[in-house]
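What follows is a group of structures, each given as structure tokens.
Note that chain A is present in both complexes that follow, paired respectively with chain B and with chain C.
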Partner chain A sequence: MSLPARTVTAMKPIIMLRHRGLVWLLVSLFMLPVLLGLCGTVAPALGFTPTFAPGDGFAQILTDPRLLPALGLSTFTGLLATFLVLAITVMALVCVHDTRWWSWMNAAIPPVLAIPHAAMAVGLVFLLAPSGALVRLVSPALTGWERPPLDWIVPDAQGWSLIVGLVIKETPFLLLAAIAQLPALDVDASLRIGRTLGYAPARCWSRLILPRLYPRIRLTLLIILAFNLTVVDMAILLGPGNPPTLSVLLMTLVNDPLSRAAASAGALLLVAVVGLSFLLLFALEIFVSGIARRRRQSGVRGHGFSALRVLGKGVVMLILSTSLVTMLLLLVWSFTRRWRFPDAFPAQWTLSNWSTRTDVLMQPALTTLIIAMCVAALAISTAIAWLELERRGAAPRLDGIWFVPLLVPQISLLFGWQAVALWAGLDGTWWMVVYTHWLYTFPYVILILAVPWRELAPEWGHAAHTLGAGDWRVLWRVRLPMLIRPLSQAAAVAVAVSVALYLPTLLIGAGRHQTLATELVTSVGGVDRRVVAALAVLQSILPLLAFVLALMVPRWQSRRLARQSTRSLTRTAVA
Partner chain B sequence: MHELSVKDLCLRMPNGQSLVEGLSFTVEPGQVVALMGPSGSGKSSILNWLTGMVDSHLHASGEVWLGPRQLTSLPTEKRRLGLMLQQDYLFPHMSVGDNLRFGLRGGSRRERTERVRQVLQDASLAGLEQRDPATLSGGQRARVSLLRTLLADPCALLLDEPFSALDTTLREQIRRLTWDSAARLPVLLVTHDMADVPLQARVLRIGESSPADSLGMHPQPI
Partner chain C sequence: MSIVSRIIAHPWCGSDDRVSPPGRLVNRGLHQSRQGRLHWHVLVGLVMLIAALPSQAIEPDAGWQEALQEARGQSVYFHAWGGSEQINRYLAWVAERVDEEYGVTLRHVKVGDIAEVVSQLQAARLVGRHDSGNVDLMWVNGENFAALKHDGLLWGDFARHLPNASLLRESPSISMDFSVPVEGLESAWGGAQLVFIHDTATVKSPPRSATALLEFVRDGGRFAYPAPPAFHGTTFVKQLLIELNAGKATSMALYDPVTEANLEAVTAPLWAYLDELHPLMRGAGESWPVSGEMTRQLLDDGELDIAISFNPNAASAAVANGQLPDTVRTYVFDQGTIGNTHFVTIPWNARAKAGARVVANFLLSPEAQARKLDPRHWGDPTVLDLSRLRAADKAVFAGIDVGVWSLAPGSGSVLAEPHASWTEALEAAWVERYGQ
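This part shows the complex of A and B:
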């Protein structure tokens, strides 16, 4: 039975009001930690909370002799790593596109992205350290070393190990963002036209494709830059200890109640560093695009440098395969009983690293899994709610706002958010940890879902409505099943992001929630290498499983339909 | 100018099925050869092969010559074969003038700017040098695209249904401009529309019968 037209018209304002309420609720839920977090950092830094953070924060941090070296190190590692990430991404596109390596590269990116930062960093230490797998493979045959060499250490004092780690971890992220944009740029046709006009492929890329691609990946690059400048977990594992990077220095300060104001002031300095780095990037952009514009008009055709192409392919493949090798190495270490230097392979294998250390492994794994699943469910449902409101015209497009937490240094936002949680007596609560994880997961989820959701033809919904389905039924039976692939991918990404989050769990969880990320970072210094490897493997397995499930779910859906269809055909044939 | 010759071209699908078998033909300077045939008969693949950008899954053999110069093993950018496609592909991040300068070979900055201005004036497009290609009409875009191709000084012109996206009035105008501009070049035209084929053109039908049999003059004036 349908409602009379007048009743429906009268209900519309009520529905719109309810929609508007939901829009405000979602925006407030998202912006609350951001704004309160920043306020919570600014107030102690400026001396507004003397009981919580005594002293003049800026005076303390600016007179700290560790500040300048830490600042220099953060800037050097962050800027250089970001520049290398961009250069290698461009190299990958120019040198690998249209070759048989292209599909391999595309297949290798998702598993590499799924590896959490901390696990990757631990794997790199196991690979590059003087007693690591690389040295073992060539010793003593090529080096003559019977003991680990003392010439270098990982992490090194200059920050090179951290740069290598950041480049290996972040290049696939930028590469994925760039590859996703290529179809919109009609790359093949541009290359074809450019080449028939006499330009070498590399020139076609630099003059025709990259100028259009760069604005589309700028936001991702800014996110990477902010991350590289302010990362904590990878900097603890791969960065130098004395002086450490600025973010690690701030972490040591925040744990001392007398230095909280200094930590907050330092966190604001970090925001300034990130802001200045953004400005530097924009200035470089203007400079490079000016040169590029002049070059474009010169008509110089250029040559195809096959040696450079080989080099480019080599670098890209090295980066992607290193990530996979580190995983393999962690797996080997987690089953090792005895592996003496300089043996290339373990002498004895065992399961006991897993079976006898369940206390160290299982509890954090379970906590991580529960938090990740809750966060994924929350992020997916809120993203669907937002996109559905947007589709109905009740919510504006706020794509720029969702990325704010990824552009503001985690440490600068979380110091304040932690202070607010402490003040409200909510620190260490499970739901605050989930809420904070959601803040960092939601942007990725909405980024993945927005395009397919907006592109899904409204006619599908119209058709279902004319068949008598209400809004909820259309959502559950039409839209969600039709978007099962991006939904599964988004859920997997949400799990991967949550599993990898270190700082939000540590600061907001107040040390009461041991996840694999927090355990791994704290274990590296003191716990047995084999148990650390097992922790890192566990941390990597969870997102990998999520990605495998994300691949399987749409297949199950189509297989179920195929089975039903076959059964129906058989029944018809029998009849 | 030299003639464009294709010798014994074979294109095979990955499953071994033949798409084009033993195709040979020559296009003399100033001559237009129209490649015609049903969809999927390999017309565009032939053009791709000529430019050196054939799909990697196709197995291709044969030779392409431009006068005494064999192009078969040369990369696309060294072949000097001008290409126009159904879409004009004016680069959206460049102005009209920059698009034309991109095609132009050599010359000082002033010479290049002067040449572009002259060319635009000759094509009744004066004053559009600084314009964003997105603000041009379909006919203007088609003309700029043709000018860009010709400014690269090609030795032959390959046209892959270049008029099919234009409306009827513009079509005739752009066709005439194309044939006039390419009067001294060998031109290979891929089309499925007989109206696009100039009267004096030779028509090469593929995918219907033996290509050698189908070579001949335009069957009937339109």
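This part shows the complex of A and C:
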């Protein structure tokens, strides 16, 4: 907390009061959908709203014969995918760090992260199906297959396709979170010390670095776990359909008034599943850290297995490159006219998938873009407002609560929020959709901005104050320009999150706002594959563009500043 | 209560006094929602006041000029299955035309299954939203129409007052929808018939009956159907049901409302058949295509030998589009396949009723019907009586070439849909057996 800020607020009690109003406004804007949403799910589940959702929800869902298989499928795919994400992240750190692949990996993560879930899922089906691009590439030359094999199916009934999709999509997320923590852990020093003590590099990681890293990525891991257990769009596209995962099953129940109570009760069960999984993770954590402590104390030095290192490197590279190949494949399909099995490449190309379908493609693209830009602007300005209030001592640090929407299953919160919107006659309104998107983008934005905002040296502001600038001028002319890089990154992340959001648009938008995400999920299986590919390409391009802009804007800014300072320097020289 | 018996207890499946009449349900809904609204007024104030303003009401049989006037400038939200890109593009063309002609903005809300919209309307009724609903026009038929009609969720007899209704064909499938009287509550739009598509390059003589199909998959033929309640799947199951009961005493029960007793008797041969078919299918009865369109895609990929469609001209369109090889042909079972009419209707709480009426009338115009029949655009059979058209319009219809890939005219008869109540009962029974 900076001294001048405190004096300023103390001197102006009216402003302080206004600040307090703003603090409450922001907190309640954020908590309103969370609390009302949960109430809106709990009330129908417990039978408090008999006209809106008649029947005993828990009795209905618990006697539904599809519940157990769906529950089993959700926990199996969710837990296994999360375990694999963690394992591969650790492998990536241990095996790739300090090799020439490290910078390549770092460069590949942001674009891979920007690919929306639905687009990735669609592309994976095109890639991995028995008649998919991989088999086409090697058939019939290597396999002898003139027709697609019958040995597997994508999406399969056991959930493996879904697991593959989740691992490919979520590993870069955890990896990025882990890499961001490495500077704080001073990894190079730890590795040096470990090696001096005679430990193999992998042992240095497991003994010296991972125990300190894990607590720092635990929250991200929990977010991933909650996501994997409850995801809807990827489970529709990659998961088994009959029965589907629990979250998809609940989606089929929620729109029917006769089963809405059951859907709400199921959504609460999902909360319990996520909660129990968290507990399981904590238990495992205690168990593993116990073993690790004993092994640490044993002092055994061991030796590295170079074969394992190569394997680890391979897995990580495979995952990242699959994402990029998937994108490439979508691009190819969007320009294909004919591509039959077992040709390795399309036989006829065409532009018409794009040129004759502009109406089908551009309308949802435009809706997506407008929502994403409004949401990004809203999220950035509210995050700045909050962080500025926090810096001036008017607001407490509430980092904990911003995570809540990311840890509560989307379904459990949005079923209720939809019910509330329906009740109030606000479902299907554009601003409600934007508001709900904001709820899911704000946490990312504020968490990205918080660290640089708090760490920016207050002396710059003090100097400006001394030169006579007011609070607003300091914010506008000093802090924001200095923080342009994290600000533009946060805006890009906000756009990426909003473009990928499926459930909020679907449930709150009442079908009136068709974004690329909702359009893509409805289209798959029905609409022409080539047009689906074009939709997926569009959905991936928007966040990529946002990230490119986020890289360019700070550069333009600094170039402009450089020009300005040269000019003023010249002017001074002339004077 | 099992799913099946719950469905059978559904109000329009016969009289059952455990279910309260819809009127009473609605009144309770209204009462509850007024309390809810008051509470919300406090919270959202002005917004709600504006939303609650009553909209101007037009009657279903109001004069056409009045409808045209009121429609100008309205936005019509048309909830229609969005699973076919061709249909989506056809509707985009309709949107262009009604904008030019009548100043109506048509927005196609793409839905996966229109039953979801029926549920939405039921939910809207429960919370007492009797005006400014989200749905202005919807594509519907069969059991969904029966449910809407029974629950009083339809606007009224608008269809018989559309100017173009005079051009309609006289046909039992237009006046009765799955054995439920239409009474002008929905307006006919197009015809459909269950057809199969095969590639002559891989399968010379495809199976032309349920028994032949079983033989075909036993010999390694690649077959799968979409899992019900996807409607191609449900229709295929109904087709099997009709065929497996043909010539038996049970066969006529399908055209009366379903009862628990006859459901069991009629479906027994079906389950025996499916128990044998499923393990031999692509996906072994564990993974299913999600739609008829997807079987078309899988036929092109070579993962299936037979695709299922509900459009006799789908194959021609797909060949023209580069989605199927030109060696494909369309056929039906020797004993005929299920055919029906599909409709559009206007819910009671629609916001833009006049606009919806104008769009429904345009859909029946010779211009719109001819374009719909053309396989390059959709290939959906017309509901118009061509003899009632002007000479110029007749010539347009005569000039449409459906192509050799389509179902040859006059091949295979059309079987009538079972009574609407069978759809949901069958779907529920199917899910109970195979959906776990």
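The working rule: the second predicted complex is superposed on the first by the 551 of 575 C-alpha atoms of A that agree within 3 Å, B and C clash if a C-alpha of one lies under 4 Å from a C-alpha of the other, contacts with A are read in each partner's own complex, and residues count from 1 in each chain.
Just so it is clear, contacts are C-beta pairs under 8 Å (C-beta built on N, C-alpha and C of every residue); 3 or more make two chains touch, one makes a residue touch a chain.
Keep in mind that what you see is a predicted model, and the values were worked out from it rather than measured.
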Using the superposition described at the top, determine whether chain B or chain C touches more residues of chain A. C
For A:P257, select first, second, both or neither according to whether it touches chain B, chain C, the two together, or no partner. second
Could you look at A:L422 and tell me whether it touches chain B, chain C, both or neither (first, second, both, neither)? second
Chain B versus chain C as contact partner of A:V531, first or second or both or neither: second
Of the partners chain B and chain C, which touch A:P458 in the superposed model: first, second, both, neither? neither
Determine, under the contact definition given at the top, whether A:G468 touches first (chain B), second (chain C), both, or neither. neither
For A:G393, select first, second, both or neither according to whether it touches chain B, chain C, the two together, or no partner. neither
Report the residues of chain C in contact with chain A in the complex, numbered from low to high. 25, 28-29, 32-33, 36-37, 40, 43-44, 47-48, 51-52, 77, 79, 82-85, 88-89, 92, 107, 109-112, 116, 119-120, 122-124, 126-127, 129, 132, 134, 202, 222, 227, 282-284, 286-291, 293-294, 297-298, 300-303, 321-323, 325, 431-432, 434-436
Interfacial residue positions of chain A with respect to chain C in the complex: 49, 51-52, 65-66, 69, 129-131, 147-148, 150, 153, 155-157, 240-243, 255-257, 260, 337-338, 340-341, 348, 350, 357, 359-360, 422-428, 510-512, 514, 519, 522-529, 531
Tell me, which parts of chain A touch chain B in their complex? 98, 100, 186, 189-193, 195-201, 207-208, 211-212, 293, 296-299, 301, 304
In the complex with chain A, residue positions of chain B that touch it: 51-53, 56, 75-83, 85, 87, 89, 91-94, 98, 101-107, 109, 112, 148-149, 152, 154, 158
